[in-house]
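As structure tokens, here come the structures.
Two complexes are shown next, each including chain A; its partner changes from chain B in the first to chain C in the second.
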Partner chain A sequence: MPTVGEHHIVKSYDEQLKRLHDAISRMGGLAERQLELSMKAVETRDDTLAGEVVASDAAIDADEHFVNEQTVRLLALRAPVADDLRTVIASLKIAADLERIADHAANNAKRTLVLNQTAPLAPVRTLLRMGRLVQELLAQVLAAYLQHDAAQALAVRARDQEVDALYSSLFREILTYMMEDPRTITACSHLMFMAKNIERIGDHATNIAEMSYFLITGQSLADQRPKGDRSNTEGLAP
Partner chain B sequence: MSDQIVETKMNAASVRVHYGAKEALKGIDLDIPANRVTALIGPSGCGKSTFLRCLNRMNDTIVGAKVSGTITLDDEPLYGDGAIDPVLLRMRVGMVFQKPNPFPKTIYDNVAFGPRIHGLVPDKDSLDAMVADALTKAGLWVEVKDRLGDMATGLSGGQQQRLCIARAIAVRPEVILMDEPCSALDPIATAKVEELIDELAESYTIVIVTHSMQQAARVSHLTAFFHLGSLIEVGPTERIFTAPEQQLTQGYITGRFG
Partner chain C sequence: MPTVGEHHIVKSYDEQLKRLHDAISRMGGLAERQLELSMKAVETRDDTLAGEVVASDAAIDADEHFVNEQTVRLLALRAPVADDLRTVIASLKIAADLERIADHAANNAKRTLVLNQTAPLAPVRTLLRMGRLVQELLAQVLAAYLQHDAAQALAVRARDQEVDALYSSLFREILTYMMEDPRTITACSHLMFMAKNIERIGDHATNIAEMSYFLITGQSLADQRPKGDRSNTEGLAP
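So, the complex of A and B:
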């Protein structure tokens, strides 16, 4: 009597899917590390470290390129269905999110080089706090993906509101700081973009949570996401 | 389309089939929606053809075959008391087989055969019209209209299969059963038959057995997965091929069946 195995009858199909999985897990590690080092460069005002983060971005781009090619090949040659299809689609989308996360981290590293030319800014403390939160979410969502843990993926998605709330309050803090001392406007503008980059990384972590949930359960999370960021509607007048 | 509530054309309830002592179908419950394509998939010997043959009582002709349970067509029973007359049933539920099996007659006579024996036509003109209509619906008219008097056996395999579909359509059936209709055809001929199935679904209810999962995915609205004489899972084709509920279904369609 036939039984359902873990492996495909065609072994090379298994190997191709495994290579895809390995690439995503490698990209996840790289993105995590880029985020961590970029935040460390902000905290320690370390130009050398910031430069390293900028230089390391190419590795993750290469991995994304590999995932794109591998995905097209699998779709064209294997016509994957069911959980195989979901694996391929989720890999494609998650790779794009991870690549964007690394881009935002590299952009923050570049801006650190500018910040380091002026005196330290007080709102940086809140930025670091936001960075720690997003690092935690990224680590958690990558674990959810690797361990096929749908509940953990949902938990990450629910916490995006915390990032948005922190971003809104940091936005107000930077605004106040600039108004009190217009000489900080240039540096504060960079800080504003850095805060936005971290907020975007949080959004990408949420995307990964949703794709992981789809991959694991076959259900897509169609309903509206919880939203905590009101900075778009924040009035600029005091 | 998959979310719409559609009318049930045929219903099977607790259908069991024995060939002598061997139980080939172990209690099948399945609704076949009207004007939709239902695909039956599953490994060889799982009972797909047996189930298909129950739907127009073709199993009656197999010695030792015993069918139990109930099957209805528009709520009329196929078996037992008050059953639809089998001859009438086979007119309402037509069948197309795996290997194209045209009669050794002309193209015209192949299509005219059903309407003639069922006495559906009063005169030659209306028979001509019926033949033209069936060949048009089967997508074969343009290719054969100038050689209706040629022998059907001279057509290519793909054309012969479409001729068999025209022959099935000619008696104006409500349901068309197809048992692996493309397994003897090349990819182009297969694509033409699949395109035809798409068009036919507007006017007919279609049940197709196929061993090609990609074909089931391409042509059907509903997919039913059979395994060892049982119906394991049935659902909208899109759901079966993206997120099947049963491990057995997933194992089979992804090629992880050991």
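So, the complex of A and C:
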């Protein structure tokens, strides 16, 4: 039987782990919402909404800071092993990915303000499609993390190729659009970076899938992930 | 007096920490070299050299994987505290930043292949200048990390604004160049992403500066870092 003191320590340790889990869960919700609202601001050409997304970025930064502090405290005071150690390491990495996802969403919101200064651009339709795909992958990977579902984590990871393929095709579409109407060069340049941001969000969702898999199974996915992005050499003669 | 067994454990622990430090130091050297060679490939329009940079990216990925494994092993078996815990956490984060730096350099090398298909672009000169600045910051931050020099880490962090300002100005220069000669749109689009990659390398150098400061002093730099990049809203009417 534990003494009252030991029981208190154990309870407090569990509480600390729970607070870490809750912080990741909250960050996941915030990142999803920031991505959703940033895409809605693009679709509806809404400057006010875009401004709100930019202003909300600080909340998730504060959460990541909390996770970092809490992680160091847990490691120093509790010396976790096995499952608990994996939880702490995975939390640290997943928090960094979620912060980056929100950062990319906020950056897209900022660039929306430039897009809204000119007439609508046709390739925005493809960007919205890419946004929907990545929103779906982010929702799935967060569910895999929260429900400890290794199979779903692997499924998300496998679908990053779809994002990369869509990004490559959008990159070509934007290039063609600019060439046909050079007056759209400024807006289209921002659109290119917005597409890249969404592609990066897909990469971060893949990172979270890999960390979730490690967290659940204790195995790391060391093999190279499949890549479908060919945009880096677009314009290269065969 | 420690027994032979205890002495063996202590020695092995120190060796594990040293191997972690050596891996970071090696990764730092590789990242610096990849950045240097990628910029040289741009300057000399050397496809072969660019190809070598792309091919060398796997080595630093393997090093990061080693650091991740070694970190989890150290935390699980040694339960480090205080300075040692900070070393382990900082190593994990710095390894991730160095891997990203090498990744951005390899991406620039890939895009160099596209640039070399067309006539030289004037804004490349500004890109080279930005590259030299970031190479200098990376060398300084690695020295700050290796020599435990908190003041130098802070100095590197303060100079990220110079990178951001140069990036904003280069972004405008590339936009203007494309508008004046729409035939350069494809090459200039790659040049924009190359500039962004170098700006991101500057951000990672800043992250390493902040982690080094945390490692040396035990204090985290929680306040917002200064930002000098205005390119996100370039083209926005005042």
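Keep this in mind: the second predicted complex is superposed on the first by the 226 of 238 C-alpha atoms of A that agree within 3 Å, B and C clash if a C-alpha of one lies under 4 Å from a C-alpha of the other, contacts with A are read in each partner's own complex, and residues count from 1 in each chain.
Criterion: a contact is a pair of C-beta atoms (placed from the backbone, for glycine too) under 8 Å apart; a residue touches a chain by one contact, two chains touch by 3 or more.
Here the structure is a predicted model, which is why all the values come from computation and not from measurement.
Asker: Of the partners chain B and chain C, which touch A:Val114 in the superposed model: first, second, both, neither?
Answerer: Once the two structures are laid over each other on A, A:Val114 reaches chain C alone.
Asker: In the overlaid three-chain picture, which partner chain does A:Tyr13 touch, first (chain B) or second (chain C), both, or neither?
Answerer: In the superposition, A:Tyr13 contacts chain B only.
Asker: When both complexes are superposed, which of chain B and chain C contacts more residues belonging to chain A?
Answerer: With both complexes superposed on chain A, more residues of chain A are touched by C.
Asker: Is A:Ala82 in contact with chain B, with chain C, with both, or with neither (first, second, both, neither)?
Answerer: both
Asker: Taking the superposition on A as described, I'd like to know which of chain B and chain C A:Phe66 touches: first, second, both or neither.
Answerer: A:Phe66 contacts neither chain B nor chain C.
Asker: Given the touch rule stated above, what does A:Ala187 touch, chain B (first), chain C (second), both, or neither?
Answerer: Only chain C; A:Ala187 stays clear of chain B.
Asker: Now for A:Gln219: first (chain B), second (chain C), both, or neither, which partner does it touch?
Answerer: In the superposition, A:Gln219 contacts chain B only.
Asker: Residues of chain A that sit at the chain B interface in one complex and at the chain C interface in the other, please.
Answerer: In chain A, positions 79-82, 85-86 sit in both the chain B and chain C interfaces.
Asker: Which chain A residues qualify as touching chain B in the complex?
Answerer: Those in contact with chain B are residues 1-10, 13, 79-86, 217-219.
Asker: Which stretch or stretches of chain C touch chain A in the complex?
Answerer: Those in contact with chain A are residues 65, 68-69, 71-72, 75-76, 79-82, 85-86, 89, 92, 96, 107, 110-111, 113-114, 117, 171, 174-175, 178-179, 182, 185-187, 189-190, 192-193, 196, 220, 222, 232-237.
Asker: Would you pull the chain B residues touching chain A in the complex into a rising list?
Answerer: 43, 213-214, 217, 228, 241-244, 247-258
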